[in-house]
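Both of the next two complexes hold chain A, though its partner changes from chain B to chain C.
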Partner chain A sequence: MTTTVTPPQARPDMPSQEYNPQAESVLAKRIKSTIFHVVTLVLVAIVLYPALWMVASSFKPNSEIGGTNTSLWSSNFSMDNFVTAMDGIGGVSTMTFFTNSLILAVGAVVGTIVSASISAYAFARIKFPGRGLFFGMMIATLLLPFHVVIIPQYIIFQQLGLVDTYIPLLIGKFLAADAFFVFLMVQFMRNLPAELDEAARIDGAGHVRIFRSIMLPLMKPALISTSIFSFIWSWNDFLGPLLYLNTPDKYPLPLALRLFVDQTQSSDYGAMIAMSVLALLPVLIFFLVFQRYIVEGVSTQGLKG
Partner chain B sequence: MINRRNFLTTVALGTASAAFLSACGGQASPGKTGTAEDPITINYTWWGNDDRAERTRKAIALFESKNADIKVNGNFTDFAGYWQKRATEAAGGGLPDVMQFDLSYLRDYGQRNQLLDLGTVDIDTSALEPSLLPSGQIRGKTFGIPTSTNAFAVYYDPDKLAPLGIVEPDGSWTYDEFNSFITEVGSKSDSALYGSTDYTGVWWMFNIWLRQNNIEAFTDDGKLGFTKDDLTTWWQKTESLRGTPALIPEERVTQLAPKSPFGSNATATEVTWDNFMAGYIGDSGAKNLKLVPVPSDDPDNLGLFLKPSMLMVASAKTQAKDASARFIDFMVNDPEVGQIFKTSRGVPASKTQRDGTTFEGTDKIVVDYETSIADYLKDAPEPPIVGFGTLETSFKRISGDLNYKKLDINGAVDTFFKEAEDVIKQNA
Partner chain C sequence: MTQRSTQRRRPASPAPSLPRASRQRGTDTRAGYAFLLPWLVGFIALTVGPMISSLYLSFTNYNLFEPPQWIGLDNYVSLLQDERFRQSVGVTLSYVIFGTPLKLAAALGVAMLLNSKRRGQGFYRSAFYAPSLIGASVSIAIVWKAMFGDSGPVDQGLSFFGINIGGWVGNPSMTMPMMILLTVWQFGAPMVIFLAGLKQIPGELYEAASMDGAGPVRKFFNITWPMLSPVIFFNLLMETIHAFQIFASAYIISNGEGGPAGSTLFYTLYLYLRGFSDFRMGYASAMAWLLVVVVGIITLIFFRTSKSWVHYSGDSK
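Up next, the complex of A and B:
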């Protein structure tokens, strides 16, 4: 029975003032824990402030954003910015921008997963002549700044007549040109026990079978962290779409976002921020759903990002 | 160079690329023409916000309805991205047929033979101010046709002056009078409102002051036309005001960015281009802003000029010279286009277009301002030297250091001259 509460035993022989190490340590623990949480919450507030500022500003009229306005609160909160943002730009609806971003991002994820895992399998598990050299060359492309290759790449795609299509933006993903992900998966596979492959081989499995039935299921954490990164990178990519897409109907969100701020004319910060909030949602959801795999995926390979 | 045709035929591609290729193929002649049944397509690109995109879309629709043999593909980006994209396209040989262009990039692209000499095609420039045309010309070739103009002005907000009991300026003032005006704002408002941004940090204001003193900013061969003494005199103009409420401290300006101090309601005046009006009204929420001419110590020479706020250019490699020229002519001269854009591109440069447009509200203030200074206008300067953008940024940064008191005037002048000479040498 839990309804009867036994009052604490009064112990007249023990004065209550007396030193009680156990009780104090509980108290001390509580204080420490409170301080820890307060400090952490303050730090979280500092880190989250920009996000909070963005959300608050998305409801404010343009003249109250930035400049001398420092308060988060405004008496003029309204949904106007979201209405403007959803109106679209120059006859292209905002949903089109979202759809385009989604096509590019999903394409990038699929392409990267398929191509990077296959190449990684080759590097990690198949001994072929020149493997070390090719692996080194792949790593070398990581060191090559994107800006060095912009113009040669553009010339190639331009001469092939592929400008203003999604091909220049996606083809690299399907050809495992993202060396970072290949490297990430190679490192992950090297940590998987080779005995598994050997056992499968004894049972008569070839490379395709080993890759599909043994490696892929074990690589789930690496595959998921690769998806998350390639999704977010593609979703946020600005320069690629800027250079390769000409028709506004094909623009993804990052290009559209910039169009609200024009230094040579008037800038609609409100609409831009409202659209930023909307643009952040898919990435945020994607991240929340898969976030527990990120740490797992990255930490198991000893890759410190 | 890879031979384009061979290269392409070797690589078997879809019909889309084949069509693209034939559009890119190589004969130089009056250019291809289209018919109403089989219209020729030209690409037009511009920078700007959603508002400009909407207006341009209307203008293109109007053009296509009047010219059934031409189809215009429009595309747009923001200003910063615009030049990244153009630089890549220029390197790859894929510049669009017709482009909206900014004066500061004209010489760069013109001298690299990326732009079509518009003197060789049929574009009517008779309705444009003759004083304006040199700004689109380099060494006798016309690379750009101005669509619209802007002029330098002092902005002020009458609703901020009235509560302080300060009389509105009438726009005929010397530098000393302007200085005492902004000092009065700063002291009467008890520092709640600064007088102005440090105007000596604005390159164009310096340029105008040089013109008031009959000095050219750049010589014909692209060197600096002013001396260290000139720049010292200029930066000394506000020396006694720096650090007082007359001028907003540089630190505060940085805090307010990306909005301007005037757009954030932190200063009472600002010197800049008159087509910033709509932006200021949007940023500050002010009801009415006014424009007056810049100060000058010589009341007959205000040093003012009309600058093309943007120009229309065509790619040197365009295959549709005739169609491109007709589109440029339409965008520059057509009265209905003026009615679509109002002053959002600047005040229409062509008289035909200006006369065909009704201006109201803030548009009218800008147009009236340009009309009021018409008698003082001199020839527009030639397109700025290559690397001008870097120079302008240096000027702003160094005068910012001056305002921060990181540099004294002599140090600032020396730094600027050193950087300017480097820029000129690099681009010579």
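Up next, the complex of A and C:
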């Protein structure tokens, strides 16, 4: 035991600490670990700086934001910007924008969960002619730039008189148009043991029973990540509302923010940034609460397939 | 029809099982399409139908108010002569070509840094991932514009080091680096995927390489890169396709105009302006189809070339 602990400088030609971990002294290990943490923390500080700057600026008076300092601290922190931001824009209160965003996001979550799980069950658990072909097409839509469909879709909804309603923004969610979520659930369901369905079938259960009583309860992790991501994507969506909504009292937050930027034209930076913070608040809260699910979801489900 | 016997697992009593198996198959087919219905309806009504109709529209002159007028290839011909179109192609290509590799390099670098058993990994991973969740939002675009504006914090910070760029937002040659920084900032999502891939590489490979005297560079190129190549391929493909479709940030930062001097006139932004502010829907459809074809060709090239550098372990599938 003691003979193997040779100081590294005794044999400079051998990369001893690489293949013989015991040889590495406690001190060297601690130094390495400290360097790691210092380097990583510096990187974290750089990466998080824009977010921190945003939050700090939202509490600062206008004169201190653009002008003189990069610092995150100010002695003049106040809630004034938020008071202005909550007043809203164009006679519509910011609470209305919040409610609109919430309606759209909750609608998106419900629609996606229902339609994607049902469709995924067909792809993952039922054998029928044409399944492989449709599955291939579903994967292809994952790679398809969706700009190719926005113009005809707009024409259709315009002719149906549905422009300036939430229907064009939500109908796709109820028709599993976000192939990503269908794919995610298919992958999840494929990993559940086939014996479950076989046993249920022998007991006389049909597909509806198997789906409802066996698959759905087991799919909870996939359903949770789908809910989180479809909520956040809907919350941040800009192009959809920009195309379809015309009246400000129907606007969700991203569109309201654009209106705010257009009308104040950088004269009131503080309120603009405060409103940006408000618009991101639910996403940040979601992230803090569900970060385990979100990061795990990306690392496992983003990969499979 | 000849597949009938494979349907049943137990061939113990084949004679009575045959009608049951085929009945089961009939039920399965009906159930299959019933469960597939939501997706199928959406696929036909919201994807295939619109794709065909936009292909048709791309050969017409259409302004939403009068019936479309067949003009053959005119839209495609005028695209080639359109100065702004060419500019939007240039802007988008330089964004994709510089932004995507930089973002993936940052993602891989940080993933390798984090790939060890040390304390605080969960926190670091989440902190690096956070920008990916908010980066494409309008809020961040506003913040980016403020930070890179005239005498904003970025400008101030750089002048501390003696670098005087001035405002990035109003300077046509600095808007692209600013947009690229915005996408590189969101390296967290591919990083998390890289990290999951790195954890799959058996540690014995590195130990064996060390015994043979391989240094970190050789280990990277002979172990990490080939073992990680499927993940690199996945990230490269997804991020490239994604980069072509940037819209919200460009729209907000340039006030929906693509300025200054067209330096942020991204392809999708120009498409939007043509379709929904000039109401030249046929022209915009031609642009959309061109994008589909280009992205399709790039995907094909990626898959073709992947055979030479992406290594899948033998036992997959």
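One rule holds for everything that comes next: the second predicted complex is superposed on the first by the 250 of 305 C-alpha atoms of A that agree within 3 Å, B and C clash if a C-alpha of one lies under 4 Å from a C-alpha of the other, contacts with A are read in each partner's own complex, and residues count from 1 in each chain.
Rule of thumb we're sticking to: a residue touches a chain if its C-beta (ideal position, glycine included) is under 8 Å from a C-beta of that chain, and two chains touch if they have at least 3 such contacts.
All figures in this text were calculated on a predicted structure; none of them were measured in a lab.
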item	value
First (chain B), second (chain C), both or neither touched by A:Ser276	second
Partner chain(s) touched by A:Pro61 [first = chain B, second = chain C, both, neither]	first
Touching partner for A:Gly161 - first (chain B), second (chain C), both, neither	first
Partner chain(s) touched by A:Ser115 [first = chain B, second = chain C, both, neither]	second
Partner chain in contact with A:Gln187 - chain B first, chain C second, else both or neither	neither
Residue contacts with chain A in the superposition, chain B compared against chain C	C
Partner chain(s) touched by A:Leu239 [first = chain B, second = chain C, both, neither]	both
Which superposed partner A:Gly91 touches (first chain B, second chain C, both, neither)	first
Touched partner set for A:Ile151, first chain B, second chain C, both or neither	both
Partner chain(s) touched by A:Ser74 [first = chain B, second = chain C, both, neither]	neither
Overlapping contact positions on chain A, where the chain C interface meets the chain B interface	66-69, 150-151, 154-155, 158, 238-239, 242-243, 258, 261-262
Residues of chain C touching chain A in the complex	7, 9, 25, 27-29, 31-43, 45-47, 49-51, 53-54, 57, 64, 110, 113-114, 116, 118, 120, 122, 124-131, 133-134, 136-140, 142-144, 146-147, 149-153, 156-157, 160, 185, 188-189, 192-193, 195-197, 207, 210-211, 213, 215, 231, 234, 237, 241, 244-245, 247-248, 251-252, 255, 268, 271-272, 275-276, 281, 284-285, 288-289, 291-292, 295, 299
Residues of chain A defined as touching chain C within the complex	15, 18-19, 33, 36-37, 39-40, 43-44, 47-48, 50-51, 53-54, 57, 65-70, 114-116, 118-119, 121-123, 126-129, 131, 134, 137-138, 141, 143-156, 158, 171-172, 174-177, 182, 198, 206-207, 211, 232, 236, 238-239, 242-243, 253-254, 257-258, 261-262, 269, 272-273, 276-277, 279-280, 283-284, 287, 291-292, 294-295, 298-300, 302-303
Residues on chain A engaged by chain B in the complex (per definition of touch)	61-64, 66-69, 87-91, 150-151, 154-155, 158-163, 165, 238-239, 242-243, 246-248, 255, 258-268, 271
Residue ranges of chain B in contact with chain A within the complex	2, 4, 7-8, 11, 13, 16-18, 20-21, 43, 45, 47-54, 56-57, 73-81, 84-85, 88-89, 91-94, 96, 256, 258-259, 263-266, 278-279, 281-285, 309, 344
